[in-house]
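Below: the structure, in structure tokens.
Letters A, B, C and D mark the chains as written, and numbering starts fresh at 1 in each.
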Amino acid sequence: MAGADAQKGAYRYGRGREMTRDAARVETFSDGVFGVVLTVMAVELLQTGPARESGRELPDALAHAWPSYLAYLITFALAGQVWLAHHNLWRYIIRVDQMLLVLNLLVLLFIATIPFTADLLSDNLRGSATEQRLTAALYLGTVLGEALFVNLSWWWARRRGLLHPDMDPGLARAVARRILLKPLLYLVAFAVVFVDPILSLCAYLLLVAFYLIGGPGDLRPSANRAKGGSAA
Amino acid sequence: MAGADAQKGAYRYGRGREMTRDAARVETFSDGVFGVVLTVMAVELLQTGPARESGRELPDALAHAWPSYLAYLITFALAGQVWLAHHNLWRYIIRVDQMLLVLNLLVLLFIATIPFTADLLSDNLRGSATEQRLTAALYLGTVLGEALFVNLSWWWARRRGLLHPDMDPGLARAVARRILLKPLLYLVAFAVVFVDPILSLCAYLLLVAFYLIGGPGDLRPSANRAKGGSAA
Amino acid sequence: MAGADAQKGAYRYGRGREMTRDAARVETFSDGVFGVVLTVMAVELLQTGPARESGRELPDALAHAWPSYLAYLITFALAGQVWLAHHNLWRYIIRVDQMLLVLNLLVLLFIATIPFTADLLSDNLRGSATEQRLTAALYLGTVLGEALFVNLSWWWARRRGLLHPDMDPGLARAVARRILLKPLLYLVAFAVVFVDPILSLCAYLLLVAFYLIGGPGDLRPSANRAKGGSAA
Amino acid sequence: MAGADAQKGAYRYGRGREMTRDAARVETFSDGVFGVVLTVMAVELLQTGPARESGRELPDALAHAWPSYLAYLITFALAGQVWLAHHNLWRYIIRVDQMLLVLNLLVLLFIATIPFTADLLSDNLRGSATEQRLTAALYLGTVLGEALFVNLSWWWARRRGLLHPDMDPGLARAVARRILLKPLLYLVAFAVVFVDPILSLCAYLLLVAFYLIGGPGDLRPSANRAKGGSAA
């Protein structure tokens, strides 16, 4: 039965090696994009930062540039959290098809625009109400677009049997519910930026702490240890 | 027989590990270039974008920069589709030789110039007829140069026996025909940009949909599942 | 016993493959960030370098830009040494949990700001005493922040049993002491930059030499060879 | 014997997995740097290119920027060839120690400065004789520095027994002679740039062709196939 199950996903030339390599290559490629996005933000910080503003004392210039640092931190938290979620989901995906690759590319399309929207946000955080609302809407659009295609990726992987054959269907459903909820919470944390930027950062940190406690589909060796301990 | 077959490709010190690592390293390296190209477009968007244009209201500036967004989308579609094709072809390549590495480097040479040609295109989309024709020709040159060396890579890999030994020769031929056809279709979709940019984007999306339906050499676990199901 | 031990960390669907892939993916992702940071410094060198300073003879301009080169070298040494330490630590980590991933992201948060702080440092190395002290403090903050989360990562990995089960607990403790000491030595080497930049570079090179001699947790095949020789 | 031999390189916790991962991680990390360097050149082309030169017709501006394209092509050839050599050498290296990692970092230190030196070269190719000689000397310094540490890496790997145990010592010596010869040939090809840039490009292409024919240590499946065929 397990053998027949495994064979379902075998490629035409019938070896197991490619299955692993396929999913691993998607992760490597995605990690390249994530890595550049995380680092590019710091480069932008550098180029839009105080070092380029002339006619101002350095301590003043550094203090004056605080929205850049806030944008860097929030964006690092955003891209980092998306990477965490991507890492957690793709642990369970062992095969890929053309549609899943396209959905993953669309996730990356939105992730790659994070520097653009974050830079706009950082430039207009102290602008007029119209500018603030417009740039915030673009930022929200990026977050929601990314979340949409992450959810579609998982839905597609479940539907087409691309997950690990031993994965509990109940766990797969719980993960689906969780990744549906996550963008909503991040939106709430973001919305607070209009009230108080520092408060928004705290809300982000609270969410990170919340995800540390964990949920279905997250990495929980300690929970597994307890389980393994009872089995031993 | 299978043992003799496998030995043909073995390196002088006769182990199997290196064969896998060779092909995998080429993929990782290529993915690094793809990842930077995809992300660099977004950084360029940021630096040539509305945030830097002074003396204009933000909503106007954002709306005025629509050719940049179109260039970003089309280029993401182009680089993403090339990555998909690269991923699909290299699944079948299990060994490399010096010539294949050089052909792959030449593919990357053209891929790395996508930001340059796309930026020229985006800057001159509303320029004079000469500027439009010149930048479009450069863009076409990039696409065709990349397609030329992808086709040469596949031809070389087939000729030198670098493909998986169990791969059906008929499938290898079908893949060769398909990658010969693909650049032609993308050229047609691109040519429409002179008629109407929005129409061109739609043509691209149609092509993406077309490749989702799949063809020889693409990842089709569902088709394989049907096959595996009859075997079970 | 070994079987029960291995099972403790097994994921719900109980296979060994994912354990390796998890740790490997974290390394690949981190390496992407490291690679961009190392290269971005050279790009910055290019953009803040003499090629852009007009109205000055090239030999003069090149000689005048010496602080940029020093900053590039010291930062390459810093990021390279952090990569070495990351490489050495993660050889022993075979499983990950959510908290370890977050701690690793926080390490990367500080590593990605190295170009920013190094650029500030390089711009203000010949500035007023206030500018020198402020930029040096930022640089120190980056080094110490990175060291803090590297130490927390190792402490967490030891506490939650994420290390290789065969790793000697004494070695794990020795590694912990060593990574606690390392940032202190680098701070001393850095502090010398206020006395004499060239002397500071020499101190860095001495530290690199010191780490070449090796310590607990470093890669020492020759020592292992002696051990293996007695076993043979 | 083979068992005792393998054990020599085993780490303290005595498993085989880490040996592979160590060497693989160095390759992945180096590939990240190579990937960024290759792509960054194209981004620089974009930013120093004709798109930014105002007050000039586009066809003229594009034609006027020919040294940038030449610099891009020669640098891509240089970095690509270094990647090929790195790929070929590291196929044989299966273990790493601290010194080899440091030597590899020093190789990357010189590779990461290629964009800087190539940009200087491209800016001063039509400058005064002093400017030409100075920038060419910097470019040569990069090539020679990289070659020095590649040669030291191979010498160290041979001396410390980090190569594959089944590798023929005669082949290892032949590879050492070859990588000593290679930088000399590239220097000759480069020197021709002072006579005629087009001739220099042709000399590069001739060298690429020369390395396609192959030499000791290169990937030659066809030669292995003949050998395997006689063994079968």
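As a convention for this text, a contact is a pair of C-beta atoms (placed from the backbone, for glycine too) under 8 Å apart; a residue touches a chain by one contact, two chains touch by 3 or more.
Note that this is a predicted model, so its numbers are computed, not measured.
Peer 1: So chain A and chain B: same face meeting same face, with over half the numbers shared, or different?
Peer 2: Comparing the two copies, chain A and chain B contact each other through largely different residue numbers, since under half are shared.
Peer 1: With centres defined by CA atoms only, which chain is the most remote from chain A?
Peer 2: D
Peer 1: To lay chain B over its twin chain D by CA atoms, how big a turn is needed, in degrees to the nearest 5?
Peer 2: To bring chain B onto chain D, one rotates by 90 degrees.
Peer 1: How many angstrom lie between the centres of chain C and chain D, each centre taken as the mean Cα position?
Peer 2: A distance of 24 Å separates the two centres.
Peer 1: Nearest whole angstrom, what separates the Cα centre of chain B from the Cα centre of chain C?
Peer 2: Distance between chain centres, rounded to whole Å: 34 Å.
Peer 1: Please set out, as single numbers or ranges, the residues of chain D touching at least two other chains.
Peer 2: Expected reply: 28, 31-32, 35-36, 40.
Peer 1: Help me check something: in the complex, which residues belonging to chain B touch chain D?
Peer 2: The contact residues of chain B facing chain D are 4, 7-15, 17-18, 21-22, 25-26, 28-29, 31-33, 35-37, 40, 44, 95-99, 101-102, 105, 108-109, 112-116, 119-120, 123-124, 127, 130-131, 134-135, 160-162.
Peer 1: Which residues of chain A touch chain C in the complex?
Peer 2: Contacts found on chain A: 20, 24, 27-28, 31-32, 34-36, 38-43, 45-46, 49-51, 58-59, 62, 72, 76, 80, 83-84, 87, 91, 164, 166-168, 171, 208, 211-212, 214, 218-222, 224-225, 228-229, 231-232.
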